[in-house]
Amino acid sequence: MKITLFIPCFVDLMYPQVGVAMVRILETLGHTVVCPEGPACCGQPAFNTGYWEQSREVAIPVLESLKGAEVVVIASGSCGAMLKVFYPDLFAGTRYEAMARDLAPKCFEFSAFLVNKLGVTDLGARFPHKVTFHDGCHGLRELKNKRPPRELLAHVRAIELVEMDAAETCCGFGGTFSAKFPMISTAMGEVKCASALDTRAEYIVSCDSSCLMQIQGLLDRQRKPIKTIHLAEVLVHR
Amino acid sequence: MSERENIIGRIREALAVIASVPGRHAPESKAHFAGGPAESRLPKTSDHRRVMPAAGAMPEEQLVLLRKNAADLRADFKLVQNLQELAGELKQLAVKEGWQRAASHRGELTSAAAQALGLPVLFTENSFDKRELARCDVGLSECDALVAQTGTVVVTNQSAGGRALSILPPHHVVLARRRQIVADLPAALELIKQKYAGNYPSMISLITGPSRTGDIERILVLGAHGPKRLTIFCCEG
Amino acid sequence: MSAPAVQFKQDATRLSADLRHRRIIQTAMGKYETVRDQRKAAFQNWEEARQLAAITKWEAINHLDAYLEQLVSKLESRGTKVHWATTARQARDTILGVLRAAKARVIVKSKAMTAEEIHLNQALEQAGFEVVESDLGEFIVQLREEPPYHIVFPAMHLTRDEIKEVFDRKLGDAPSNDPEQLTMVARRVLREKYLQADAGITGANFAIAETGMISITENEGNARLTSALPRVMITLIGIEKVLPRLEDLALFLPMLAAMGTGQTVTCYNTLYGGPRQPGEPDGPEEYHVVLLDNHRTSLLADPEQRDSLHCIRCGACLNVCPIFRNVGGHTYGTTYCGPIGAVITPNLRGLNEWQHLSYASSLCGACTETCPVKIDLHHHLLQNRRNGSRQKPSWWQKLAFKMFAPIATKPTLWSLVTKLGRFGQKLHGLVKGSYLDPAYAWTRTRELPPIARQTFKEWWRTRS
């Protein structure tokens, strides 16, 4: 099928390898991948801050570029939730409402797409390391995405997955929250890091690069020995 | 306009628009949720029973559950065969605990039991001084029901000698009959409705264990203000 | 920033770095979580129970006028005096009026968040009454002259040593720091007060419309004593506490107990329908119920957020909230803390002044997931943010987002900003972590990742 890949702003700028990995995986599975040039951001920052009009200015081009898409795969849980769950709210009462409602069922976060839509769980990956998984809040609670990442990891050869106690606890990123309330954000991140370190895993895996940015940022500053990696990067590993 | 009229008026104005029903995929139609208050929209007792923790269906199961709950709650539970055994057990308890003064009400079970104690007894039917009640070591009362599902004793100020008797003395002893055991909270509330229909006592209390608190470092302490000890004697006969 | 917002930020900053404080909350929460999960697992279908509870509250709140009138009619038929208070001041004045008419002097109080909300104790003390909090946790914080820390566990933040200290200082009576011994001290002191008290003031958990009863949930027995011994009893209750039928308690009492304290049911759940009736051996001569609005009707008038009135004040949302767990209850600076507090306070006390509580959240949704009556808590926080920005936009944020729009939608601009960003990052190293750093909010405690040498869009362009 023809897959329209939506790459969030931070994946584009800072974690391109995540997007590249996704393209490779989807193409290896025999699908065509297209990536619209225009939209760079789903509009969540303005939306979460309460500036819905300004958010719409960013989101309308997204809607328009995705209009004819057969299926849209989004490279993060939080942007996935924005397109799938929040666009209908954002555009409610505007002339784009119908478009937003039409888009929602076509949207999938990457791991949910593989498992739920394509029915694929084994990508022949090999990752000989001990890992733990961080559930990004949007992916977990808005998209109900608990199982797909774990099903995918279960088929990675030589991997050892250990769940951390605080797997479902927010990492503290929360978009602009991390800058508006940096000390609370940091405390939350510290709780997350401590829980991950308790598992003695070498890697923290997640479907959300924004969460990993927060976690890695803290780990680097505090010089902790655990690394972060996106699920897609694990899945292309041989 | 009275404050009542003000508030009711504002409520009516606010409710001109109905809020959406919880559970985004509720299958009920819009018509079902329109109009005035309706019993038909509310869960039935069978719905409650389907989701709540299971209570024993058979009396034997219920007794087992009641015993277990009482033990978990640190309440004493003893099954006795008849009134004589009850009186005997109570006397033993009085000696063991060193009771000097008891308080009670004149119920079928409590009158006999209080007699048998051989201690001065304050009966709450007579007008009494609350300080005198506070000096009693034990409060004897009957109850409306024992709830297997939760280990609860159901009392009212009519069945259990008033409001203070079951809460002021440091030891509350409940005298019940086996046939007063009900399966669960729905059954207990139904019993209350049937028994007192339209003329409810001004206090109905569901007592589940001796008084307790976890307010200091979440450490469980019994006897915070209410009775430190709760003893239930359940009489077969 | 409003004064409450400044206070919140300062306290949050201080407390999130306080590892001792964080550890205390973490320990308390850990204990709670274990028993809560056991209780939930005992339900045959917890998720369906939530739906049943949500529907029941929906019915009650969306027909509030009818159920309130039924409640009041039943209460009054048994001699209860019902008072209606639109404002906090009216509620205070009503209660003062009742107490003066009854010539009361000593008052015992059982736990009532509504009383905190209207600052009742202050008013009573100023009017010359002696008011004693009887709930152990409330008693402790009253001695320490601080507000309750948590709606269910008022003294959650204190160690036994701190409690011993205040008992020593204020009561002159603290044999040790053992929790049992300290509790017995409180028991002794309060027993005397119950016997002395002329009036008892309680809060309430539910109000049953069908039978005209006020339902009070507690573990200690202090509310039972407050309602048994003094000659006047007053219950202050928010108008939203209504439940339609007596049988609804069979669902709500266990759910409240499971989520509030991890119990099967709380130790004493008591229903009060009136003052002492003819033939009853004891009880108050007068029973007054004060129905409090205090902006609840404003919340009611917002269909989008009306379900926040479904709240049964179990505290579960506080307990799962990562913000609450890191900054604690006092930081919020208002009666209702945690997620429910962040949702309703801007609506009850003013959006401009209090919207920061709705911003102090990562919108993780753990609150919504846990709420036993399915209030859409974290989405309400989003709605408060939207409403607040509409009412009083922040010009610089509006501008920033407006400027972001073309950058985020025109590939050439995005490309340009990418290149400028790379360059900027090189210079950033010079100011990183200092007060000149524009990204200081982040870099104070965290490293920033570099912009990639080849972004995804740049790579994608090379492919075609």
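Each chain gets a letter, A, B and C, in the order it is written, and its residues are counted from 1.
Throughout what follows, a contact is a pair of C-beta atoms (placed from the backbone, for glycine too) under 8 Å apart; a residue touches a chain by one contact, two chains touch by 3 or more.
Here the structure is a predicted model, which means the values were calculated and not measured.
A.B. asks: Touching both chain A and chain C: give me those chains, sorted by label.
C.D. replies: Expected: no chain.
A.B. asks: Measuring between Cα centroids, what's the chain most distant from chain A?
C.D. replies: Result for the farthest chain: B.
A.B. asks: Can you check how far apart chain A and chain C are, centre to centre, with Cα atoms defining each centre and the answer in Å?
C.D. replies: Each chain's C-alpha centroid was found; their separation is 32 Å.
A.B. asks: Could you put a whole-Å number on the gap between the CA centroids of chain A and chain B?
C.D. replies: 51
A.B. asks: Quick check: how many Å separate the C-alpha centres of chain B and chain C?
C.D. replies: Their C-alpha centroids are separated by 28 Å.
A.B. asks: Applying the document's contact rule, which stretches of chain C touch chain B when the two form their complex?
C.D. replies: The contact residues of chain C facing chain B are 27-28, 31-32, 42-46, 48-49, 51-52, 54-56, 58-59, 61-69, 72, 78, 83-86, 90, 134-137, 140, 153-156, 158-160, 163, 179-180, 182-184, 186-187, 190-191, 194-195, 211, 213, 219-222, 224-225, 227-229, 239, 244-251, 253-254, 261, 264-277, 279-283, 287, 291, 293, 297, 300-301, 303-304, 306-307, 373-374.
A.B. asks: Quick one: which bits of chain B touch chain C in the complex? Just the residue numbers, please.
C.D. replies: 2-4, 6-8, 10-15, 17-23, 36-39, 41-43, 45, 47-48, 50-54, 69, 105, 124-125, 127-128, 130-131, 134, 150-152, 157-158, 161-165, 167-168, 184-186, 188-190, 192-193, 200-219, 221, 223-227
A.B. asks: Contact residues on chain C for chain A in the complex?
C.D. replies: 9, 12-13, 16-17, 22, 322-323, 325-327, 359-366, 368-369, 382, 384-390, 393, 397-398, 401-402, 404-405, 407-411, 414, 418, 421, 441-442, 444-452, 454-460
A.B. asks: Hey, which residues of chain A end up touching chain C in the complex?
C.D. replies: 7, 9, 11-17, 19-20, 35, 37-41, 43, 45-52, 54-55, 57-58, 61, 137-138, 140-142, 168-170, 172-175, 177-189, 191, 213-214, 216-218, 220-221
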